[in-house]
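Chain naming follows the written order as A, B, C and D, and within any one chain the residues start at number 1.
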Amino acid sequence: MNSPEGSTLWFIPDGYLATPLENDPVYKNHESICVMNVTDQDAHLKLDFYFADRPPIEDVPVLIPAKRCIHVRMDDPANTGGQPLPLDTPYGTRIRSDVPVVVQYSRLYSTTRNISLMTTMAYSG
Amino acid sequence: MNSPEGSTLWFIPDGYLATPLENDPVYKNHESICVMNVTDQDAHLKLDFYFADRPPIEDVPVLIPAKRCIHVRMDDPANTGGQPLPLDTPYGTRIRSDVPVVVQYSRLYSTTRNISLMTTMAYSG
Amino acid sequence: MNSPEGSTLWFIPDGYLATPLENDPVYKNHESICVMNVTDQDAHLKLDFYFADRPPIEDVPVLIPAKRCIHVRMDDPANTGGQPLPLDTPYGTRIRSDVPVVVQYSRLYSTTRNISLMTTMAYSG
Amino acid sequence: MNSPEGSTLWFIPDGYLATPLENDPVYKNHESICVMNVTDQDAHLKLDFYFADRPPIEDVPVLIPAKRCIHVRMDDPANTGGQPLPLDTPYGTRIRSDVPVVVQYSRLYSTTRNISLMTTMAYSG
């Protein structure tokens, strides 16, 4: 499933979105699944969300056009099947694509005190 | 040992838990080993902890149910063999599983001044 | 494309440079693509930048001399084709090299409140 | 060079140690190369440091005993060939070992304002 243009299967075990602080519109905490499609075909992704104590949410569609890079915000219900993911809840994401893509995961965590960033390449199956 | 559902062997060389600050229940510093099991079989993990100056602690069991994602807290003695890991002590973790899983490691470090996050995929053997 | 000296193809899907704060010359926020060339041949890189809503910028040349390690600053127009990359804009980078190199991506994010770092190895195709 | 116990070759392109703040003994900024040796043989590492504008420093020995995990501090001249690495200077590290090990790189950056952490698995050749 790996090619010089990426992989069609990716995993991100550490997903978590803390309830955003109401008084902080600029530095709102958020997560992004950053997807790069260098092929000349649109990539039709399916996202599956896994949880600790309930069945997975599966087959959520996301489109990454040909030769584009989209930072898919996980706090946008359009990217999580029309409903927001539960807040303050550990989850993991599997990404399946019909064409090879490359996936990186990043989180900005904004507390009452400061901003913190973390990032990692996703794991390609 | 690799499959489209992950790997049965993972390593995390940088483990470290600073003594939590007493006065900070919300942003307590902690580490999580985030494990995603997309198979339809329960994953029986064995965790081995390696140290700089003493023999390893081996074969600590952790269960990740089928089709679930658990963020395993390392400050919970239930996940470290019944006894807490030593604080302020460098260690590394090897994770062995009977079914393929995907593993990511994250740390939240809360000092007297601020919060910081770091994360990385574990290394799959 | 992989060898004991690295790979000739790398991807970084999460690029983003927030507008730097005017009043902070020391801790200016920035991104670096860190490239290590352990071979005895100069590495001629070509960088391709992908965006969410416009065609990619391709074939931007960067030189990494033999047996050198350069932290390529993305806020230096010399490394982005003579023109600065757009600020506050998600993008991804593909790196192609004529000799094997190793690539890591790091970001320092300086807000009005604090400094935050994140890093990851790039993905090798 | 890869085995179920790790790899004998690793790379870390983003090394950088800012001059530590004099007035901060507790949260001194530092870098660690975290090495896990799960084999029953001592690992004899050789570290090579690469720079932007000067020849590499090569063959610096570091010992990781059998079944131990050491967080090798890069601000300890014992681990960098008897002399400290230059401060405020980009560099990269290659790690060669006679037995398979697993390597992760972490940095704690302490500024006048706050603490920040970053980490990544090293790249295995």
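As a working rule, a contact is a pair of C-beta atoms (placed from the backbone, for glycine too) under 8 Å apart; a residue touches a chain by one contact, two chains touch by 3 or more.
Since the model is a prediction, treat every value here as computed from it, not as a measurement.
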item: Chain pair with the higher count of C-beta pairs in contact (C-D, B-C); value: C-D
item: Pair in B-C, A-D or A-B that repeats B-D, with over half of contact pairs matching by residue number; value: A-B
item: Separation of chain B from chain C, taking each centre as the mean of its C-alpha atoms, in whole Å; value: 31
item: Approximate Å spacing (C-alpha centroids) for the pair chain C, chain D; value: 22
item: Where chain A touches two or more other chains, by residue; value: 113-114, 116-121
item: In the complex, chain D residues that touch chain B; value: 3-6, 27, 32, 34-38, 67-71, 102-104, 106, 113-121, 124
item: In the complex with chain C, residue positions of chain B that touch it; value: 114, 116, 118, 120
item: Partner chain C, residues of chain D touching it in the complex; value: 1, 9, 11-16, 48, 50-53, 55-56, 90-92, 94, 107, 109, 111, 113-114, 116-123, 125
